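Heads up, the thing below is written out as structure tokens.
Labels for the chains are A, B, C and D, by order of writing; each one numbers its residues from 1.
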Amino acid sequence: MSSNASQLERLTFFSDAVFAIAITLLIIEVHVPHLETRDDGAYLQALQALQPSFFGFALSFLVIGALWVAHHRVFGMLVDYKPSIMWPNMLLLMTVAFMPFATALMSSNPLARVPEVVYAGTLLAAGLLQFVLFAMALRAPYVRSDIPAEHVTGTRWRALGLPVAALLSLVAACFAPGVNNVMLFGIPLFTRLFYALGQRRALRLQLAPVEG
Amino acid sequence: MSSNASQLERLTFFSDAVFAIAITLLIIEVHVPHLETRDDGAYLQALQALQPSFFGFALSFLVIGALWVAHHRVFGMLVDYKPSIMWPNMLLLMTVAFMPFATALMSSNPLARVPEVVYAGTLLAAGLLQFVLFAMALRAPYVRSDIPAEHVTGTRWRALGLPVAALLSLVAACFAPGVNNVMLFGIPLFTRLFYALGQRRALRLQLAPVEG
Amino acid sequence: MSSNASQLERLTFFSDAVFAIAITLLIIEVHVPHLETRDDGAYLQALQALQPSFFGFALSFLVIGALWVAHHRVFGMLVDYKPSIMWPNMLLLMTVAFMPFATALMSSNPLARVPEVVYAGTLLAAGLLQFVLFAMALRAPYVRSDIPAEHVTGTRWRALGLPVAALLSLVAACFAPGVNNVMLFGIPLFTRLFYALGQRRALRLQLAPVEG
Amino acid sequence: MSSNASQLERLTFFSDAVFAIAITLLIIEVHVPHLETRDDGAYLQALQALQPSFFGFALSFLVIGALWVAHHRVFGMLVDYKPSIMWPNMLLLMTVAFMPFATALMSSNPLARVPEVVYAGTLLAAGLLQFVLFAMALRAPYVRSDIPAEHVTGTRWRALGLPVAALLSLVAACFAPGVNNVMLFGIPLFTRLFYALGQRRALRLQLAPVEG
């Protein structure tokens, strides 16, 4: 294995580990009820009180999961990397590592405005850093040569899906805290939409010189 | 290394990390007694009170360990993967990451019904997701060509062992909470049984056209 | 890379992750003092009260570190593995994952007998499992062919160092709790001693047929 | 892959995992406020009270990140390793694993002298161990042959940046606790300075025999 490939591998490895730890630490913030009784009703009530925590756990698991899947997809397209992507990647990992806090804050009081704003803001920061990172990484000599240019552009555009959904969620949090998280279910839609837009634009630009 | 193999490696790597973190986090939920005295009797009593936590730690360690061993076995049979297995795998990891919570809940009151149902239900969800994942992954162009077809079928069937044992444990939890976990010791038996059934069926089907 | 080598790699990888998580989780059990004052004396006193926790952290970090170094050395000698080593390895990892609890228990009251016995007992279990695992793994077709037989035998014997030191510490814990941990500083000595004994025995046996 | 390369890979892997876990555990020490009210003002006040914790999280994330980036850079220059670097590496990892404690202590009372001294002292220990480790690792037969000698010397010198900044921060902590952390922002400057000094010195020494 070439030295650069091995260094790239170690960078993705370190990133994977941070994603995996943050995603698994989410459960630590869901506090286990300790009841003195064996009564079914008491337990069901205690679990129901934890509902916002369960929702927060599942939502953040899916969001961090999606961030990892995107990271996995993009870094799988690379053969090498520019050393300057190191710190944007580290800052992205910082927002991911911050997610267990933002999730627990949101779950502690799911209809309060400030926690929802913090949560959506963390996602917005993660989304913007991810967009910058992918735009820097997916550049000419670093991408595998067998990947069509329009797929590279589409993948770069696709990363707009998360920050746009997070921004909508942030704005909605000011008016309807709690409900605003519905916006995040638009992520799969937005990413596909932006991918298609980017790909189309790339294809048009490729054709342009031929047409001219 | 080919690009697909490297992407498969990173997927298994991320999964391994989540398994490893969830299995090691189990101990965090066993709360260390802080006694003012050095008296042997007081310590022995405090440790005895922790017995359900020790049992939960050991049981969940073995169950998550078994889930990892199965994941390791199946992914070792692959040369490539369908991108659509990504999310079933992520959901399986979510149930694994949830295990420390389910374990601590069960250990907090080992004879209460609801915690036992939650624990068995978590295992049932993990078992079903694992079955779906393996059934999707162990398909024609993705499996190593040197593996006999009946072994592939047997391995797919084998994954029925955990959900069946978990379902029995779930039903038993309603009648005899605490005792129901005995069902889980049937996992090694069930997996072997289903493996044999699947293998036999595959061999019969292979012979059928010859007989016809 | 051959399929077996890749499966062996994933097994060592999973083990590495559990070692790494357990060793890093040790610090979570050292509780951070929260003082209302900025007074130097109050802080120094609070840190001094934590001395047993710092000692426990450092001791367990070195012990788990030594267990990992030994695992790293032995698995580096292998080209393949017997599937039956999977579960002894998993049980060894269980004792490693238990270490943060045993450490916190010992640190909570460093002169009490029961916590010291639990700590030494955990190490004894880890040491015995490690010995069994290495004895099973370091067998004929699995070891790299360029490694001299006497080095293999020496490495197998070497694994007696930890259980012997842990047993001495366990016995000493009954009479002089707290002081008994001094025995553990004998681990580097014992491992070297047993390595030399095993190597010498292997060399004598190699010569025997020639002599006979 | 040669056996030594694979053992080196596993050593870097284990180190990466400890770095990744320590960096992600930082967030656990930031305690989530649980308010009964949904009032924006109450939440903003609670978050403002957490400001030192957020600062500590971000600072330590960047410092551990920088330690990992340096480790990644240096180990990427190696083809093999001296077994004797194992324990300096383990001690470096011990200081990294200690960082979540030192960070939480500092954040608990950011203007108190003792916590700042402990934090700066931990960084100083990490910096000195890193310097010793890199000086041992970057030796003749272990470094990739295509790397110019002056770059090797520069990289060795570069590792003086962190301990020097940590020492300045430690001294400043005695006079202006809290403010002293400003010194740490000098790390990027110091590392570049020492790199240039080391590189220049190496080039002068290379020319010396020719001149003589």
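Note that a contact is a pair of C-beta atoms (placed from the backbone, for glycine too) under 8 Å apart; a residue touches a chain by one contact, two chains touch by 3 or more.
On a predicted model such as this, the values are computed, not experimentally measured, just so you know.
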Farthest-lying chain, centroid of Cα atoms versus that of chain C: A
Classification of the chain A:chain D interface as same or different, half of numbers criterion: different
Centroid distance [mean C-alpha coordinates] between chain B and chain A, Å: 27
Distance from chain D to chain B - Cα centre to Cα centre, in angstrom: 38
Shared-contact residues (touching 2 or more other chains) in chain C: 1, 13, 17, 21, 25, 28
Contact footprint of chain A on chain B as seen in their complex: 1, 3, 6-7, 10-11, 13-14, 17-18, 21-22, 25, 28-29, 86-87, 90, 93-94, 97-98, 100-101, 104-105, 108-109, 111-115, 118, 177
Of chain C, residues touching chain D in the complex: 1, 12-13, 16-17, 19-21, 23-28, 30, 32-35, 37-40, 43-44, 47, 57-58, 61-62, 65, 68-69, 72, 75-76, 144
